[in-house]
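The letters A, B, C, D, E and F name the chains in turn, as written, and every chain counts its residues from 1.
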Amino acid sequence: MYFHDKRLQYPVKVTTPDPLFARQLQQAIGGVEGEIRVCLQYFFQAWGNRSPNTKYRDMLLHTATEEIGHIEMLATAVALNLETAPLSLQESTAAANPVVNAVMGGERPRHVVEGMLHKHLLSTGLAAFPGNSDGVPFDGSHVYASGNLAADMFANVAAESTGRVLAVRLYNAAHDPGMKDMLSFLIARDTMHQQQWLAVIEELGGYGEQLPIPNSFDQNLEKKEFSYAFFGHDKDGTPPPAGRFTQGPSLDGKGQFKPLQSEPLGEEPVLGPARDGSGAQKEQIGKPSGPAVM
Amino acid sequence: MYFHDKRLQYPVKVTTPDPLFARQLQQAIGGVEGEIRVCLQYFFQAWGNRSPNTKYRDMLLHTATEEIGHIEMLATAVALNLETAPLSLQESTAAANPVVNAVMGGERPRHVVEGMLHKHLLSTGLAAFPGNSDGVPFDGSHVYASGNLAADMFANVAAESTGRVLAVRLYNAAHDPGMKDMLSFLIARDTMHQQQWLAVIEELGGYGEQLPIPNSFDQNLEKKEFSYAFFGHDKDGTPPPAGRFTQGPSLDGKGQFKPLQSEPLGEEPVLGPARDGSGAQKEQIGKPSGPAVM
Amino acid sequence: MYFHDKRLQYPVKVTTPDPLFARQLQQAIGGVEGEIRVCLQYFFQAWGNRSPNTKYRDMLLHTATEEIGHIEMLATAVALNLETAPLSLQESTAAANPVVNAVMGGERPRHVVEGMLHKHLLSTGLAAFPGNSDGVPFDGSHVYASGNLAADMFANVAAESTGRVLAVRLYNAAHDPGMKDMLSFLIARDTMHQQQWLAVIEELGGYGEQLPIPNSFDQNLEKKEFSYAFFGHDKDGTPPPAGRFTQGPSLDGKGQFKPLQSEPLGEEPVLGPARDGSGAQKEQIGKPSGPAVM
Amino acid sequence: MYFHDKRLQYPVKVTTPDPLFARQLQQAIGGVEGEIRVCLQYFFQAWGNRSPNTKYRDMLLHTATEEIGHIEMLATAVALNLETAPLSLQESTAAANPVVNAVMGGERPRHVVEGMLHKHLLSTGLAAFPGNSDGVPFDGSHVYASGNLAADMFANVAAESTGRVLAVRLYNAAHDPGMKDMLSFLIARDTMHQQQWLAVIEELGGYGEQLPIPNSFDQNLEKKEFSYAFFGHDKDGTPPPAGRFTQGPSLDGKGQFKPLQSEPLGEEPVLGPARDGSGAQKEQIGKPSGPAVM
Amino acid sequence: MYFHDKRLQYPVKVTTPDPLFARQLQQAIGGVEGEIRVCLQYFFQAWGNRSPNTKYRDMLLHTATEEIGHIEMLATAVALNLETAPLSLQESTAAANPVVNAVMGGERPRHVVEGMLHKHLLSTGLAAFPGNSDGVPFDGSHVYASGNLAADMFANVAAESTGRVLAVRLYNAAHDPGMKDMLSFLIARDTMHQQQWLAVIEELGGYGEQLPIPNSFDQNLEKKEFSYAFFGHDKDGTPPPAGRFTQGPSLDGKGQFKPLQSEPLGEEPVLGPARDGSGAQKEQIGKPSGPAVM
Amino acid sequence: MYFHDKRLQYPVKVTTPDPLFARQLQQAIGGVEGEIRVCLQYFFQAWGNRSPNTKYRDMLLHTATEEIGHIEMLATAVALNLETAPLSLQESTAAANPVVNAVMGGERPRHVVEGMLHKHLLSTGLAAFPGNSDGVPFDGSHVYASGNLAADMFANVAAESTGRVLAVRLYNAAHDPGMKDMLSFLIARDTMHQQQWLAVIEELGGYGEQLPIPNSFDQNLEKKEFSYAFFGHDKDGTPPPAGRFTQGPSLDGKGQFKPLQSEPLGEEPVLGPARDGSGAQKEQIGKPSGPAVM
């Protein structure tokens, strides 16, 4: 079960509120690369963890719990950036006036309605919501918890990699020192989170032990002649580019990479006529048709 | 641009059609772990690839093109498994009759409507569709193409890991030898696909060069004291479990792992009263309110 | 504006309630081929109709209004079919008991929870909801109202064609005479609705006048050498099958059909290196990178 | 069944078309707080109403029918506001030119493409669609019809409360007198609709009779020691804020409010090892693994 | 920020695992009436709370934090109920065998694949996921946080009312004593949660002070003649049913209820011809058309 | 199976990159009218084609394969248009400066962040993604493959009609000659694609043979008195507008059109009281209630 402390994990300060930056921050809350996703992902991986011991369940719970606090920081940052957003279209006009802009020292007029998420104005009362920077709501199907520990660890690395890419883009886009400071903390945490999931793979013996995923399936049951072949699909048979993936031992040490031009091994599939009573046109059935006969 | 051969990449045969297995196969077509997702993922990574050379763009195109053929194989397998599915509720009754079952040797009655996806009966005319095994349509937001090569490679490993886990579960669930054969091919291809994306990371210098992702961000700008610390969030301060992720050098060789009990570094956030005209209750505003004044 | 009469457009009677048929009827309410879709589609086409006169706006309003009554009929049918559905898993057991089934004359046990939509049990209290037969909620993006009258008419024909296919499949699946009677009415209405949208195309001059859609674009601005060519994409250049679409005058009378083997007319696209500060890996950029420099 | 009158329920006039306001109005059509939602919600509550009499079914039908007319008014308002929207990016440029703006008296340039919903330009031909102000399509899962009358009434109050908040925000954002007039009507109707659903609760005996919802469940079967306790979850045990919800009789008159520090009453859950053949890593299973053995 | 204790808030025990009940429990996790929704709803209401003081922000944080623990309990219950679920279609057959059923004392065979969520088998490895009982993923648009305190309180009452209705239905459907015990706790908490949000309305002065929502809008700006009128929409003018909502003082004490037959107050809307270059048919435009002229 | 050629089907050139046009092009990639939809639609129609011969399966495969190349062209166009998009909010400011604009000859400032899709900046690294111009992800439920050949052909005509309308709108909006050239090719292909699906209907005997769809259902089983009647739903009985759809022979030659005022043929539906244990309020049940009794 869970507890809270009313203080934030890290300070969140905004000197110059910017509703457009509020919009961009939404991606880090409810986007595919965002914090709600990793928070729920780590929780569901922990809650469904089946293993002879609880070590990784325990580990996942710590980080999942941390992530709630990250959503909280970002939601606070969104609200602070919306502090002075325009409530009417006229208010927006005034701010967008070139003369006003000149007075503001040539800076981007920050109060223009045009670039805002309308949900911020119309639905949340100048606050954050669980959706992305284009207003698309968070979707739980992005929560990967496969029941396979190694697959989950790579899904977590992928999430933290796209997450840190996003945080860096937000850092680059930001102009407020408070926002840059907050992001420098979140970027550091993403650095660690990338590391820690890969450390689990290493701790369990690395690629040699863990690959292919799932490692509990007997590889003798797969078509092994295709297990380490890079298939070329160029129309004219031009071979694929040479690289680590076309030569040398495979990373799991169980095979040798090789290139192979892909050719059809199967036949043209023919499904035959449609069944009577299946709702097809009669030409598909090949004879008069009616309601299904039992 | 693209070309086709009417033959399949690998044979698809079904001896005993099973509409329930048709349902399960849908997960490998339109599910999160399925082939439409990886097909579009590799295509969009290729088409958006920005790089001094086109090596990885080229590599991605080969594998993306292969994946279209995998969707085709699975869609064919779904149609073949639906060959004898019941079209009416009465037809279902007959098959579910215990006596009939007994004659069938105690096997599971395969023609019961109860377990089928109704979309197979009502919307597709006994054929596949781009959705998962519970009928949820494929959703393009699962296509990861981040513009960062390393993040994309890990996203691909994650996709192929959950993809092979799924294929193994389908193999274990299957009873038809043709289906087991088809899956033994797809499993082998997933083995290779896991390898090839990791090979790109190795080719580019491995974790030391590629981590943290993105490696183009100056780490001096992140809060480095938190970059390699595993945060404990246990209420009573019980330390997190010891592991590779709490001790030793980090995997990128740029820091030392350490455990750290998480404590609030920020303050309680206070947003203050709501603005006049923002649609809040007057008690939130603290004074009489009306339409926005410009 | 709108008015109601508490009576139904057509009688809805259920003699033998069947929760599984209730599930199947949901497809006709909230599925892609269902009545909510056509109802909203005709309404939005009417409300957005721009034309020198209001004839088609008026026509659309009549049929849109009719469709509300069809949703009502189907929602009533769902509720009646759920009348005796099991509320507990034990209740389900009793009904599924082979002995009980035998007493019921070998009929399909109708009260099994397994095949039901759980939303019917858990969320609606044994009533209909705006979603399809696999529980996926209705999605407004299926409402086609393009602002182009001819495109909309064809979208309406498509909707009524898949709609009547669905209604026929439900008729074939049904066993209750009341349900078959209700469906025989809805099927008749779908017959008319297919006709009426095509009649608009004919009234406006038929294919010769209305195609290609939109007919307000000057065809001299399109690459006319490709406007009536069927492109073959077979890898080995095997020509496409001969048919009405590869020979003879085009249906709009403005060209001649011909087959043509597709070949690349463009070059391999090369996007070049990623930009500094864009969140790519440094290897993609080709030089050291940092925060965006303004 | 249903009928229409071609006239609107209330006049809709636009003097100065504004494509950005058209965008904002979409929230009242297809947003979570919008009219499609309440229209379908009241219809499905009516059509599924199970009760000894039809009073509330009847009441719901009246208001649901009214709501179709509200969608119609708003769709008309959107089309009128899009009357002069730019069709090309160049057209937009001209209007955004500072000099032109100056001539227009410093007003917000109304014809800028930047702030528009692109769906209005590209997909609807300058007309409304069933989606929200950020382009997200209407989603039928927001239609609450639970089969419990009191739960539905509160869901309706919630819908009309957020609906009137939205209408007030639109009123505040609007600059056109016709739009303000139309909204003043819709706001009045929302006032009534909030009242009427609460009046049903009162008519049925108020909180004392209707709470807790559902009132048909025997409260002796719930863990009554926790039924009126406000749980504190502060990490350091700081008690929750004192308020009406921590003291005095409960609103249903069946208990006394009290604060209570939450503590774990359960144990740490341990799921144990994964099953053989379940697709987990072998380390999770604890022994060699293969295909499922029956 | 947040902390965890590895123990559960309340015990979760399962004696007889039932994969079908696991499916039903999913509705309480990721369904519209479920715990993820209320958890995020209370968090976002707290994090965006704008008010002269932090009392309700604080209150919301306590309950939001409690809800994480409820998701955890339910996810644990799902995993335990999936403990013995069949991994292959053959395994399912054996369990469905009538003879086996007879030995099991006529009970419902609990291990049939037909009724299971395939996501439980294929995607999660016999564990919970953030979606509902028909497999539809959790969707963040259900998180209501409007920026208006009273609207939010009613949204919370609605959520806890449908939530308790769901919990009661699950209690009625359950057969395992451990599951009934767990639900008796969750039902008690829902009782309290319904109360506490209504207590906030009372604390702020009740309906007289808080209605209509938002109370910060000057009612003189709305069309007050329609603010307390129940509109009848019967085609033949049959008046609406008499009730508390058609007579007597309104609940806010600011008006008198009355019934009123609805009549069109507006005109038939006419949008006129489509614009040149807008992609309409030329018949809609009324003259020859081409690319947009600037 | 499938093969690729690295060159594009048709040249894609961009002289003046415009991130706003990149946004608009997304509609043609991942929108309802876009290329991913038709590509998957033709593939799934082909893969599920049941017919005495493979002619139309073959035909569909050619065009589906062509469509992959169209997605590729558009994705390339998006990436090229994002070439110079601003990465920071400050960069945007500079470009939006009126003085800079003046120097640019009064043209629309192309680098403003306000109008961009934030997903292009934050999630894709200046490249395309499978979603529409408002950022909504592609949704597989738009792929129509009904199992009925004629219904599918009309669905294809509808898709290509809205597709060509979209392409024309993009052509009109475009300012770059390379973009206009690319679109002139895609518009020509849409011309052909509209034709070819209608040619199939003609080849199969035209409306007389193919309508009503499905033509395999015995029309004697439908309520034929309503099969060719246009129902009027005007409240006051004003007849519907006269047109081809109210008079003359029906287009299938099987009936005569006629107008008919719609009247209720059914009764008011009454569902009766709620069942005990169904989670309704006790007032709905009409007596004391509790847990379901078995």
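Some notes on this structure:
Quick note on the criterion: contacts are C-beta pairs under 8 Å (C-beta built on N, C-alpha and C of every residue); 3 or more make two chains touch, one makes a residue touch a chain.
Computed from a prediction, not measured in an experiment: that's the story for all the values here.
The set of chains in contact with chain C as well as chain E comprises A, B, D, F.
At the interface between chain D and chain E, two copies of one sequence, more than half of the residue numbers in use appear on both sides, so the contact is built from largely the same positions. Between D-F and B-D, more C-beta contact pairs join the chains of D-F. When chain centres are set by their Cα atoms, the one at the greatest distance from chain E is F.
Remark: chain E and chain F have CA centroids separated by 30 Å (rounded to whole angstrom). Chain A and chain E have Cα centroids separated by 25 Å. Multi-chain contact residues of chain F, defined as those touching 2 or more other chains: 1-9, 32-33, 47-48, 50, 58, 61-62, 65-66, 69, 76, 79, 87-88, 90, 98, 112, 114-115, 123, 125-126, 134-137, 139, 141, 146-148, 150, 162, 165-166, 168-169, 171-173, 213-214, 216-217, 221, 233-235, 262, 264, 266, 268-269, 271, 274-275, 277-280, 291-292.
The residues of chain A lying in touch with chain D in their complex are 1-6, 47-52, 54, 87-90, 92-93, 96-98, 112-115, 117-119, 121-123, 125, 134-137, 146-150, 204, 210, 213-218, 221.
Residue ranges of chain D in contact with chain B, taken from their complex: 165-166, 168-169, 171-173, 235, 277-279, 291-292. Across the complex, chain C meets chain B through its residues 18, 20-21, 23-24, 27, 31-33, 98, 101, 106-108, 112, 114-115, 132-136, 162, 165-166, 169-170, 172-175, 233-236, 262, 264, 266, 268-286, 288-291.
The residues of chain E lying in touch with chain D in their complex are 3, 5-12, 32-33, 55, 58-59, 61-63, 65-66, 69, 73, 76, 79-80, 87-88, 90-91, 94, 125-126, 136, 139, 141-142, 144, 146-148, 150-151, 154-155, 157-158, 161-162, 164-165, 168, 171, 184-185, 187-192, 194-196, 198-200, 202-203, 207, 211-214, 216-217, 219, 221-235, 240-241, 243-245, 250-252, 257, 262, 264-269, 271, 274-275, 277-280, 292, 294.
Here chain A touches chain E in the complex through residues 1-9, 30, 36, 40, 43-44, 47-48, 50, 58, 61-62, 65-66, 68-69, 71-72, 75-76, 79, 123-131, 137-141, 143, 145-148, going by the rule given at the top.
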